């Protein structure tokens, strides 16, 4: 049986005044039913763009997207409509992702109306069910988004994404705009839904503690490229790429007795416009040497643990 | 008491809108010692920023309205000062950093000049002197002095926040109010900025009030912690106290709702419900509707601060009972 | 759970407008303006009943009569009752304001929405066209158009409407550009909404409020432009009374009978001011986020 989602050598370049911006550069991964892939990286690394391309909210430059074995890289209008019923998105900002002039129930029922399979009464009933599932009380049916708090708004976003009963949802930083106590409520809701419906998530975030908690596998992106991908526990206990190591060491941990040694990276994110062929992290890397200016190959030094760094083997040996 | 540079007594601030009165700050007590970094932790709408803005006296009045309380800065009641006296304190003795570095810098002025201007405004030094000090300040926050003549748009977000910090620290303030200074930054940049703030604090001896919602940041750089809920400080103590023996159910709830890196639990433990509506706060303890251990006494009266151990205060009826 | 679909819908619609109305009611200036505008429109509609004399009735035995019980505001050089002519003049001015705005807004919204939503070369073409159009002074354009079509009230209205098109067009485009970037537009695409639905249901309702405000204010501007055209003889033709024409008529006798220019002048001022203040009030009322 084919995997739920397969992405092969996906590329997205934007033309800018300064040259070609490599937003997503040669990303390959597979996602099975009921699993969660975490995508982490700093702002501008292309993680959001990646999610948008898979849903065809942006056109791809090159590469292939297979959904349940079917190629949907360049879909016809009809194929796209069908594909989007299977794939949905939850946005980061619960303020700008809801139309301020539409009430809660109008927003949730819109996908059902557009699909056109149910009668009016059935749509009303289904809308009620959806609100129930995401934990929105019926009395909010006619409320407008600005009358609700961030957590409830995000629940509307989740309900809208669930309406068409998709198999795969791109979660674009769904909890970063929320307070911790509310964040936990939404994360639990998403985990419950995954369990009940066998949903697959692509969880895009910059919050590493959240991604560890929710993901089966984690992909680390840097300037449009995948630098490392591994099962969640493995990545946190054995980060191989120098960037992953620095990233993990930078998380502030709410524990005053466990002060980690931080790896402070030099410099700032360089520009993804017309990048040089070598390792894009080279300028900030403490292990950098001449061979890093060669193109980096994604290797699999341990089962299911991929890393794109010519130094990763060497370092392992050094540590031993 | 003598080494407290800031003492806040029963501060109460309201916002008056057409529809209702928002009770943003309801009787806050806070002391800041010389050289101390205190974390003001709480969720959106808890009143953290209002407290900071009250200290700076930069609240828009109306809609804001002081209902009571006093703020003593170096023994002087800030609330009674004239606007002219306040201007001398602002920026000179108390500086503030805001969350968004993009809006804090003038986009059409070179960054070095902006720092030099801040120095010249307060210290009445020559132009050359202020420029030299601005260069030093840039170096201090880790920006090469060679970038003195660049414009804000040529800097990345993390660099801009450093410039903002350099500007705030340029006049050697006694107290620095940092309102979520790293929230808009990426983790690796945040780590750089926090590290820098930490070493600057050691070097300059500035007291810092760090407003944040991130307990991780508090653990990194704060000496003591004040947990804010619905405009009240519900728990106050040293960082050790709060992190090792959190006593208020809200603080405990906050810790539990965080995903832990080493956790194997299948689900998080969120605090149920929402923050109470600040236009109609509950009668008794403001947390009792969400509290897992609430009893009838909690809805009847407002709990007073109880000292559970020296310097560790908790506003909860249950603290004595549980421990 | 199962209720008739229409019921909650009706309730909702009512509350949506109710909300705007509730906020507008709090603005005293806007409410007074609304009252004045309603009054002016009523006067325009019922001019035949209210006016004591027909507007063209002349009386050579009573020219330049001072205000009296028979002629509350006196008479002009042909002995026509000034009060009656002011009342009939309301019709022309209101027509000018409202019909011209309907023309410019309809054309403008369409052009602006197309340019804003599709972007790219469509946008470029439309905007450069508007740039050229706007490099011609607006009033000059008005005069030229009116003169080409021949002096009459109808032609003046068309001329004003056409020359005002760039204002709503630019406004609509700018508004759409900002709404187009919102995440809920992407969300609508993700649930397979078609372009037309996205424009009509998601973009326009959120982009329209600045336009409603500017439209209300432009009505005042149009009345002024109409008065100017009439003043130079390109608008309403005698004996049809129009406030601009009346000022123009009074021009020669300004020194002896200044009040004849003053009355229509005050009328224009009050009307324009009322529309502007109402526009201001609407701006605050239409945006629920400005509430606090």
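For clarity, chains are labelled A, B and C in written order, and residue numbers in each chain start from 1.
One rule holds in what follows: a contact is a pair of C-beta atoms (placed from the backbone, for glycine too) under 8 Å apart; a residue touches a chain by one contact, two chains touch by 3 or more.
All of these numbers come straight from a predicted model, not from anything done at the bench.
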Leader among chain pairs (count of C-beta contacts): A-B
Far-end chain from chain A, centres as C-alpha averages: C
Whole-Å separation of chain centres (CA-atom averages), chain A against chain C: 50
Mean-CA-position distance for chain B and chain A (Å): 32
Approximate Å spacing (C-alpha centroids) for the pair chain B, chain C: 51
Multi-chain contact sites of chain C, meaning residues that touch two or more partners: none
Of all residues in chain B, the ones touching two or more other chains: none
For the chain B and chain A complex, residues of the former touching the latter: 43-44, 156-159, 186-192, 194-195, 213-220, 239-240, 243-244, 253-261, 263, 266-271, 274
Chain A - residues contacting chain B, complex: 42-43, 149-151, 179-185, 187-188, 191, 206, 208-210, 212-214, 236, 246-247, 249-257, 259, 262, 264-265, 268-269
Residues of chain A defined as touching chain C within the complex: 52, 55, 57, 80-81, 84-85, 87-89, 91-93, 96-103, 105, 110-111, 114-115, 120-121, 124-125, 128, 141-142, 144, 146, 157, 160, 163-164
Of chain C, residues touching chain A in the complex: 1-3, 5, 8, 11-12, 15, 182-184, 186-193, 197, 201-202, 205-206, 288-289
